[in-house]
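Next, two complexes with chain A in common: one pairs it with chain B, the other with chain C.
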Partner chain A sequence: MTFARLRKIRKVVEAITNRNKKSQINQEPKDPSTKFVITSRESSALITSTIIGAGVLTLPRPASEIAHQSAWLATLCGGIVIFFVMWAITKLGLRFPGKTFVEYTGDLIGIKRSETVGKLVALPILLFFILMWLGMMVAAIRLFGEAIVSAVLPETPLEVIVGIFLLALLALLIVELEVIVRFNEILLPVIILPVTFVSVLSLQNAELTNIFPMFKIDLFTFLKGVVSQMFAYQGFTIMLLFMAYVQRGKNVGASTIGIALPTFNYILIVFATVAVFGFEELQHLTWPTLELMKSTDFSFFILERIESAFVAIWVVAVYTTAGNLFYAVCFAFAQILPTKKEDTARKWIGVCLLPVAFWLVFLPENVYQLFQWSKYIGYAGLVAFAIPFVLLLLAVIRKQGKGAPRRHEKKRQKNHSSP
Partner chain B sequence: MPNYRKPKQMKELRKEKVLKENEEKKLELIEEKISSDLETNIKMTKGILGEKTGDLVVRRFHIGADENFPAAAVFIDGLAGKDIIDDFILKANMIENRGMKMDPNEPVTKQDLFKIVKQYSLTINEIGEAEEMRKIIRHILSGDTAIFIDGSEKAFGANTKGWEHRPVQEPKAESVIRGPREGFTETLRVNTALIRTRLKDPDLRIKHFASGERTNTNIAVAFIEGVCEDYLLKEVERRIESIEIDGIIGSGYVEQLIEDSHWSPFPTVQYTERSDKVIGNLLEGRVVILVDGTPFVLIAPSVLSQFYQSPEDYYERFWVATFIRLIRLLSLFVALLAPSLYIAFTAFHPEMIPSELIIAIAAGRATVPFPSVVEAFIMEISIEILREASVRLPGLIGPTIGIVGALVIGQAAVQAGLVSPLMVIIVSLTTIGSFASPSYSAATSIRLLRFPMMIMAGTFGLYGIMLFWLVIILHLCTLKSFGVPYVAPLSPSHFTDLKDVIFRAPVQWMSRRPLTVTPEDDVREVTKNPKGGGGHH
Partner chain C sequence: MRKKGRRIIHHLKSLLIALGCLLLLSGCWDEREIEDRTSVVAIAVDKADDGHILLTAQIPLPLKIAGGGGGTSGGGGGGGAESVKIINTKGRTFEEAVGKIQYRVDQKLFFGQLTVIAFGKELAKDGIQSTIDALRRMRQTRRLMYPVVVEGKAAELMSQTTDLEKIPANFVRNMIDNGVRLGFLPNLTLGQFFTRLSSKARQPAMLNFKVDGSKIIVTGVAAFKGDKLAGLLNRRETSNLLRVSKENSGGDITLRVGGKGMATFEPKLVDTNYDFSYEGGKVHSRIMVKIEGEVTELTFPMNLKNKKIHEKLERTVEKELAKQSTKMIQELQKFGTDIVGLGARVRAFHNAIWEKVDWDKAFSNADVEVQYDVKIRRSGMELKNYQ
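For the complex of A and B:
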């Protein structure tokens, strides 16, 4: 046996021993209670693509309504606040490995003697989240349907557009969570790049007078603007459910990236729109992002007008947002129900909810009413942001959750891992 | 309805009974051990293979020209090489071992004969010994010669395979400009040898299976031990072993029986005719399945990148290879989307096309009496007919008819005002685009998906195209090939693997095997920069 052969055999032995840390694709469950693992990049993609949705089409208008010239700064601050909420959700998820929000809230709130009490107390909280997600999904679909009618298919009835969209959502509902996260990761570039591209190119029409002076408003108004900007980020709360499956180790980093990408995109689009139109003019535009594209010259790009292409590509972003939210709704519902066959339950709940969603989509009489109602959902979102903090506080006080190592243990682990 | 059902049941029962009886009769013989009587053995062989089998040759002879030692060589005419039998079985045993019983003190007995023949006179390199009829029948059917010796309860299966087969030729379906010209043939042994000659690794393993109740097709599973992952190998073996079918005529049967989702339009097992592609895949830790009787070798697992990757990519320098790969990717998009985009733009979004162009398009479409969906469908379907016909046409006139059909019909259709000139361009682009993919089966699935895409474009314009595209991507995400996600390494993303997905990085960068197929040993050796540490020349 030659030396090369011996070396090769040693390498094989090493490879076998190192196999667990080697690959993420392997998808072998790291924790026995979970079926599969969402990799850190997948979880970032999941957060980002849930946040970015139909809202981008109108975002600059509410952004500049209160914060005026400093709208983009308000967006940034909103993103930072959202990051802390995301941090709380991540920490909460880390404390209960392999358990979703639905499963641990009951334990966290309830008393030790009886599980049912905890479950009953937790039920309103869970239902609140589910209804909020459903509302967000419905609002996104309606908003996008209106955009499609106004920009792409002016002669097609809204009912048909929404109907076919909901049917397509059904395809997403019947697959496993593993597929959903892969789907989100693959489509991430399609969601991130168009907005970046459009905003950067539209800066050719920007006027500095529209951006400066930046701080003409007082601090309180600015904070109000920040709060209103937080509405645009709501989608990430579905991570309360899916954090259970995320790969341990880089969770906080993954969540940070997941929040940072939409923040970056939002800032770009808000900055570009305000710089091009000015905040006063913006208040009169129904679809500021589409107007931005109309005002920009894309003639070098073969296509003469790009906004209908943009709206068509934007189907991707809305599909992932609405799909993820809808999936979360059905997933949470199936977990609340006392059934063992969660997969089957989820599918049937989804099928039953589709007509309800269809009805809800047409509840607002017009776009104006839709904007009003989305604002209410936004206020509900503010309450929702507080809940993870409360739960985390409860978990710390009641010393629940095994996933969080104590401080000195953490130190020891660090020493151990560094060679 | 019971009246209706009853006779059917009876019929089936009777059929089952007959089948069972036949099976039992055959099994009785097949399960039999080889007897020490020569005539019984010959009778049993004939009983199993059929009394009137024309191509079964039974040659009786006497070993060492001695009346006491009768023997028989049984083989199938055409499967076995006659020269080998003449020279090394008959001549060696009949003439060349005449001096066998020279020593009068130790006369050769019938009991020793088997050993003597094996050790002194059967000058054939590969011989199998069998004690059961079943084994010896398998030998005969695969081209070996069975040698029954009177008085021995064992028989030889001497390797005399020598049927006519196609020589190694250049693969027809996958041609490359640079790279080896040898393609696989229909013969399993030739194919495994082709792999062995190029991969002289002691760790290369070729495991054999036989499948198909009646065809008894040999299937070989090739892999490199220590590179290929255990789980993958076990899964492939399990699926092959679980095949239950009467006949495996081509590797397509195996492919369809072991693939993960047979409802999907996308192939989850790759096939190839090229030996270099197989070796590249073996080195990446994949498993290769060779099926006797077909030049198409299966590769598992296969992922989405098979749609546009070719072995040629690795022979060219990396700028060129990357460029060609991008062109192939683009051509796939063209093949999938071009007619749908035409429909969407002309029917729903004329405002997006630059004004000069839209005027030209409108002028071309002025005489066309149909909406653009119908126009596109007419053209696409006729080109599909043309394509299918040109495959079936006899060799020499095939291309001629193709050109005549495409040019003449296209020109006439435009002049008759049935289709617009732009549509002809689009259809030709689509057709050519689908041929740029190195994998025929992958290109076929794209061809297939083009039609529902056109319907969606005709009903909802760009919105419909995007929705259908999303559903396709979702479907791709659900697919798995032997435990490997179909869309890997795009998702679950693996940055180190991404250098060989769309962009083909320099070979020096690829010092590790792609982790998508989770190889056991992921280190490739890499040449150190031959220029040395930045010295001046």
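For the complex of A and C:
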């Protein structure tokens, strides 16, 4: 009796697992170039950990510089705008499953008769993105290096910190994309929790008078604040590349979570710093987030001075940001090059780019110039946010890559390339 | 042959990785053992006769602190004077004077343990901007340390030793910590000072100390206007300041009740509410303080069980406190500095008024009314005293 029953249950379980397996297999794109699928959770983690990086150390200052007491609202609105950009990128990715932005932009822009024309026209756009990612990575590394030197390790030369960091990036570059996304997924709590922890605890020093009046600011100034907040969310544009491998079906949800997590984290830290310091004091602080930790009593938490520990943990957050960006740069470069061995090409490009990156890191002469140049990269980012919308519009108008089932896609490709 | 070549490459790779790991063993670039640094725990800044800055640093001597208690049985208690080293330097700026300390100690100076920074009254009156700037830029200072003003020379606070604590700086810090916890001192940290200094809505303040012979006494609060000392509040005014600014209970209150005798009341701050209006070019402000607490002493027979008598005592306390608080506010208006935080509240919750006035001037002319609502909840372990 019981045995029979057990067997029956087992059969049912097997049937279910088989079904799951089957459905997974079905979801996998059959294109031979994509060897694996990024699960929706991994893709959320990838977006989140790329966005959250060295910017958190300075974020509250630009946030409150324009929007004053309503800084956290500006951060929230910035996040919402970013969500729409992310939505465009996701929809684009859905239209071209298994193809990265490098591969489909040429088709989208070019004419039907010749592929080379499309590729040539697309090249400046691709290069723009690649340079922007490189710039963002370099800015993140320099910013973090400056924070370490000025707050924790004053005697260590910046060159050593940056050099070691770049070498460590190389280690990330030799592995495959699959490993990168898993790496991001594993480290997600290390990135999310410290900021949450610090912000919530520091609220014990918060003063209500610092965050009111909340809606006094006029609309135009507020919008300017929102734009400056959008700078802080850069980096998620690498999903133009990696959306190709994300599990079908849950993309929009995963992207939403990927944007929502950093937004939530940013709001927390901005709200906490403004509530504790007030917007006027914030303008005096080079590293507001570190200063927040200095002014909060953590003595119940064994470590009385937590800022060194935070910077030590924060290496991870900056590493994932810079690592993902660097990977995206080399990945895109390798795809642009007319070579079949993309993996090898990526590694060599990475090795060649390292000295360039090192040189770029030391290009800003001082902290002020660094902040100024980060702002310029932010403006470049604004342009970059418009591009996915344009591409999506083009795709809709020219009825390319409808995001239909794969068979359809293949037929279209065949028609295209057979003559 | 090919296999052999591969193996050699493999060995070379392992060797390279092993050598690379060797680099990691060298440790931290900035490593500095605790015995390789000289901790400064307190700094006093005074004005020298020639306008320069006179700096007094307090450096604890670990050996003396550890050995002082058990080593000499006779004079063990009196070892306080030797447990810290006092170093005086002079300089045109704060940092220059700090730099000169380094010439007189054998290890690198460390300011991470700095807990108290004392300003002489003379210097505070002239303004402490340069010192504040240096402290802001300093990497090691914490925002949770205490800045204080010392009547007379701040250096006296550094050299004054007490039997209660081996390190005078710790004594001062514990004194403030516990004062805040017990409710009679405001929590005025360096971070608070920075924040208020940059805010237009609230002026900074520090605790005020006095060194009298061998005694270290808290005498109240020093109100600043910008970076300059504007005036001093005594202890009674300080406790009223605490209640009016919704920070703390302000500690015990002893007052005369009618013609009969004295009563001591231990309050607990419940709530403070603010109401602002703008009429006739003047800001009108009403502050409602709600406190409750218990009677800790009565020097005359009084039946608190009787509702009428009970309420009469409450009204007496209310009246007295309202009088004291109003006087304290008037004193601040005379100094022209709003350390209560009325401006911050106007800006946050009555922004229309804030836009109309220049708070620096408006505060001095404001019409401030303080009202108390006192509830006597209990009267200690004694229900009824001897009639």
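Here is the rule we use: the second predicted complex is superposed on the first by the 372 of 419 C-alpha atoms of A that agree within 3 Å, B and C clash if a C-alpha of one lies under 4 Å from a C-alpha of the other, contacts with A are read in each partner's own complex, and residues count from 1 in each chain.
As a working rule, a contact is a pair of C-beta atoms (placed from the backbone, for glycine too) under 8 Å apart; a residue touches a chain by one contact, two chains touch by 3 or more.
Note that the structure is a prediction, hence the values are computed from the model and not measured.
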Which of chain B and chain C A:Lys216 touches, first, second, both or neither: second
Touched partner set for A:Arg305, first chain B, second chain C, both or neither: both
Contacts of A:His284 with chain B and chain C, given as first, second, both or neither: second
Which superposed partner A:Val175 touches (first chain B, second chain C, both, neither): first
Which of chain B and chain C A:Lys341 touches, first, second, both or neither: neither
Of chain C and chain B, partner touching more chain A residues: B
Which of chain B and chain C A:Ser295 touches, first, second, both or neither: second
Chain B versus chain C as contact partner of A:Thr156, first or second or both or neither: both
Partner chain(s) touched by A:Leu208 [first = chain B, second = chain C, both, neither]: second
Shared chain A surface residues [contacts with chain B and with chain C]: 152-153, 156, 305
Partner chain A, residues of chain B touching it in the complex: 202, 226, 348-349, 351-355, 460-467, 470-471, 473-475, 477-478, 484-485, 487-494, 515-516, 518-523
Chain A residues within the chain C interface of the complex: 69, 150-157, 160, 207-213, 216, 277-278, 280-281, 283-284, 291, 294-295, 297, 305
Sites on chain A touched by chain B in the complex: 5, 8-9, 11-12, 15-16, 19, 22-27, 39, 41-42, 45, 148, 152-153, 156, 161, 164-165, 168, 171-172, 175-176, 179, 181-183, 185-187, 299, 302-306, 308-309, 311-313, 315-316, 319
Touching residues (chain side chain C, partner chain A) in the complex: 28-30, 112, 136, 139, 142-144, 189, 191, 194-195, 198-202, 341, 344-345, 347-349, 351
